[in-house]
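One chain, chain A, links the two complexes that follow: it is found with chain B in the first and with chain C in the second.
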Partner chain A sequence: MYFALLKEFLRNRAAAAGLVILVLVLAVAALGHFRFPGDPWEMAAAPMLWPGEDWANPLGTDLMGRDIATGLVSGARVSLLIGLVSALISAIIGIAAGALGGFYRGWIDAFLMRVTELFQTVPQFVLAVVLVAIFKPSVATATFAIGIVSWPPTARLVRSEFLLLREREFVQAARSLGMGDVRLIVTQILPNALPPVIVVGALNIAHAIQTEAALSFLGLGDPNVMSWGTIIGNGREQVVDAWYICGLPGIAIVLVVLAFNLLGEGLNDALNPRLAEK
Partner chain B sequence: MTKLLSIRGLRTWFHTRAGVARAVDGVDLEIAPGETLALVGESGSGKSVTALSILRLIQEPGRIVAGEIRFDGMNLLTLDDRRLRAIRGNRIAMIFQEPLSAFNPVQSIGAQIVEAIRLHRRTSRRAAYARAVELLEQVGISSPDIRVHEFPHRLSGGMRQRAMIALALACKPDILIADEPTTALDVTTQAQILDLLKSLQTENGMGLLLITHDLSVVAETADRATIMYAGRVVEEGPVATLFTRPSHPYTAGLLASVAIDDLPPGERLPEIPGTVPSLLAMPQGCAFADRCPKASGAAGCFTKAPEFSAVSPRGEHRVACFLSAMSPAWRFPVPAERKTLPREMEEDEKIKAKEAA
Partner chain C sequence: MIQSRIPVVLKFLRRRLWQVAPVVLGIALLNFLILQLAPGDVVDVLAGEAGAATPEYMAQLRASFGLDKPVPAQLFYYLKNTAMLDLGFSFRQNMPVLQLILERLPATLVLMVTAMSVAAASGLVLGVISARCVHRAADRVISVFVLIAYALPTFWLGLMAIVLFSAKLGWLPSSGMTDISVELTGLDYLLDVAKHALLPALTLATFYLAVYTKLIRTAMLEYFGADFIRTARAKGATEIRITLFHALRNALLPLMTMLGLQLGSILSGAVLVESVFSWPGLGRLAFESILARDFNLLLGILLFSSVMVTVLNICVDVVYASLDPRIEL
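What follows is the complex of A and B.
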């Protein structure tokens, strides 16, 4: 079954392209420091070297003489880490809230949905900025803040799936076998509700990476960690003289976000039974 | 005969916005070990709700408002959740009408049987898995060691119902509730599934509550039958007695509507006039009075509900009707205006008459 799903997924060219980009970025994040060792914050060469000008710094240096390639490798790690972990946090909170609300309905549902709406009425990014500003900016707080602001759509989606699935006969059949609520939720309903959640999760990763870049751009990133947003933020003064300082990490962000979006779309096509039948 | 399960005065009502629908309104029934009781009635008569009430699977807005369901010395209606869960699937199991929708679509049938076993038995996954293969073999699925990995949608309808039975039998229940187990199947498969249920019953000695609207299924499988109409039991007795000497006009009507063998060709099948009363607006008297050809004001059919009382000396045949003292060969009368032939037949007759002239 999983093999068939993979085949279905790879038949979609865009999704396969997304997967390829993602594998490349993962490779850069995992292996990049072998080619570009050293601290991304250290001055490595003369400042403002253009890409290709000196092969010791193939992607050039910024205003402070820091190697951009080293920065990009570091940024790939930070972006993927924050993207994946915060999407995971948001998925866990969203699934928990949606599952409980959709399964039990009644006052539990009413309460959880009011909380969800509360989060949805506040602009996501502003809330993330406030959260990071209150706690000290670090990779951990950024991850946490992005996770906290992005769970409501997942919660609503999971809730709607649960509301539908809980009425299905197999749930009653499972109940008639003597299953308790927890087991019903975890082993019976959740696996059936998961496909759309996985799709939204992939898109959430892309969105989290953008949010992290935006936070770092505003100087709310971890001061000890070089991320793509940080490089862009540092280079914005020279954007006319040396566009590559902003441009290269910008391209990196675009590629990764595009990859996750393509992945999400591909998963949607592969997992959505209505589309699969065409 | 000691009773395994006995239901007394069960009332399951649905509190809807339009009012209270008395889906089950005072049902009594009993099942002995090894016995098959058929619960018969048309759609909406409350037979499925009765079955779901036994395991307390009624969902809001439905509620069991009164009654007692005794099983092995316990009243299932007052049992706490944990104990009730220990009975569900373990001592009382259920199979459903549509096996495709009763299986979890994303789990293999083997995994579902293993899970059912491990809910109630402390066995290793490996042992439960071996038992699952054994169960599939027992219900007549060929190459069970391969089928055990199949997902429900990959099996045929009959195969799926067999797998469903295997799932229900996973813990050797004392009582099996089968809610229209053959309705979704074609006739040959139907017969196979019924045979399977019968043979498994004799093997395990379990009581079988067979819910159906199909009188041929009743005749083939059941020892006793309980006939429901609009949420109430109207007649109960051994199948042989019910089929030969029905005492309630409704039972008689049901039988007449399927007894087509002795009808001349072209004759309209007898039917019961009218429709079932709305559960929201039940008549004051007997629920069947409006459709009953025998109902009379003098007997009280329209003013009070008839008591359930014995019509046979030993009391195994009981009926809820004021007019139960009927002739044994009571036949449901075919209304006079319906005794006309369909139009094509009429024309045929005319042509024949012309030819003769």
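What follows is the complex of A and C.
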């Protein structure tokens, strides 16, 4: 079944392109360190070298003489790490809230929906900024903040799936066999509710990577970790004289976000083949 | 007929404005929770880094939060202050938080409304073109544009726009809301603001333009197969009339829904765009308060912007009802 799904997925050229970009970025994150060793914060050459000017620093250096290629490799790791983990956090909160509300309904559902609505009303990025600023900027706070502000769509989705699935025959059969609530939720309903959640998850990763970059751009990045947003934030004062300092990490962000978006859409089409034919 | 709807709208507004209260309460609770969980005393957090505030100010703050009292009492003080719209005092800017926010609000509203109008109008045009030419060249070009626009980080797009349009081409100013070197009045002033607003508004609009294009395309394609369109065709209505009056009018409804859902995200985008273009609005204020570690101001902005999202949502509902007579206010 998984093989068929994979084949369906790869038939979609856009999704396959997304996968290729993603594999390349993963390779850069995992292996880039061998080609560009050294500390991304350390002065490596003369400041403001343009890309191609000196092949020791193929992508140039920033205002402080820090090598941009080394920074990009470090940024790839940070972006992927924060993107994946915060999307996971957001999925866990969203699934928990949606499953409880959709399964038990009643006051639990009413309460959880109020909380969900509240989190949807608050401007998400502003809340993330407040959380990171108050709890001191670091990779951990950024990850948690992004996870905490981005769960409501998942919760709504899971809730609506649960509301439908809990009435289905197979669930009632399992219930009449004496299955407890927890087992019903985890082993019966959840696996059937997951496909759309996975699609939203892929899109969440893309959004989380953008949010992380925006936070570091505003100066709310981890002060010890060089991320793409940090490089752009540091280079913005010189953007007119040396646009490549901001330009290159931005292109990296666009590529990764594009890859996850394509992947999400490809998964959506593969999991809902009837929709794709339209 | 329009006149007969006015009392209905007023009644609706009165009912909906009451729904703002729970939102304020919820955000206030959230803010309080954040402050309680934050490292250090509430006052330490609010006053920013140690040494920035005078001891008198800190003592005054501690008294106003009732920090000598148990947590429920502190919560009561916090909620009471918030309910009376007392958002506290910004030590760094030497002004009450509410006054600071209200001063910056108009600039943000100008930016948001301009960006949204541009996004909705261009999204409509591109979406209709895309749906009419489905799977043909124009549709493919628009789809690629949408894909890329989805992935562009707003702040980066703004920076690149400055490089191209301000620095290289010299067409548009790169920062501020007005030209501070000259005193302008009347029409000249408006033109000057429009010139300054163009780049930030287009930057903010790009992402939503992509969202709306895709939305309108999907909705139009769905409606082209619907029964009421077939009826219109059978009646002999022209394709232009069918596209613009039958399909598009219905496709406007999901657009409005989406717009209402995205108000918070637009405001978030405004924070980034304003800090790139030094646009003197709420977002720029948020950026300044991050730099100055002025958390009281930051929490005030969070509260106020959430309230603004709720109020704007009510406006969206009124427009929605005027587009779709089936909806009761």
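Here is the rule we use: the second predicted complex is superposed on the first by the 273 of 278 C-alpha atoms of A that agree within 3 Å, B and C clash if a C-alpha of one lies under 4 Å from a C-alpha of the other, contacts with A are read in each partner's own complex, and residues count from 1 in each chain.
Basically, contacts are C-beta pairs under 8 Å (C-beta built on N, C-alpha and C of every residue); 3 or more make two chains touch, one makes a residue touch a chain.
From a predicted model like this one, the values you see are computed outputs, not experimental measurements.
Per the definitions stated earlier, placing chain B and chain C onto a shared chain A by superposition produces no clash, and the two fit side by side.
By the touch criterion defined above, A:Gln188 lies against chain B but remains apart from chain C after alignment on the C-alpha atoms of chain A.
Using the contact criterion defined above for the overlaid structures, shared-chain residue A:Val240 touches chain C, although it does not reach chain B.
In the superposition on chain A, A:Thr121 contacts chain C only, with no contact to chain B. Between chain B and chain C, C touches the greater number of residues of chain A.
In the superposition on chain A, contact of A:Gln172 is made with chain B only, not with chain C. After overlaying the two complexes on the shared chain, residue contacts for A:Phe135 are found with chain C alone; chain B is out of touch. In the superposition on chain A, no contact is made by A:Pro37 with either chain B or chain C. Across the overlaid complexes, the C-alpha centre of chain A sees chain B and chain C at an angle of 100°, to the nearest 10. In the composite built from the two structures, the nearest CA pair linking chain B and chain C is 23 Å apart. On chain A, the surface touched by chain B in one complex and the surface touched by chain C in the other have no residue in common.
On the side of chain A, the complex with chain B involves touching residues 1, 168-170, 172-180, 183, 187-188, 191-192.
Residues 52, 55, 57, 81, 85-90, 93-94, 96, 98, 101-107, 115-116, 119-120, 151, 167, 170 of chain B are the ones that touch chain A when the two sit in their complex. Partner chain C is touched in their complex by these residues of chain A: 14, 114-115, 118, 120-127, 129-131, 133-136, 206, 210, 213-214, 217-220, 232, 236, 239-240, 243, 246-247, 250, 253-255, 257-258, 261-262, 278. Against chain A, in their complex, chain C makes its touches with residues 22-23, 26-27, 30, 34-35, 37-39, 45, 147-148, 150-156, 159-160, 162-163, 166-167, 221, 261, 264-265, 267-269, 271-272, 275-276, 286-287, 290-291, 293, 295, 298-299, 301-302, 305-306, 309-310, 313.
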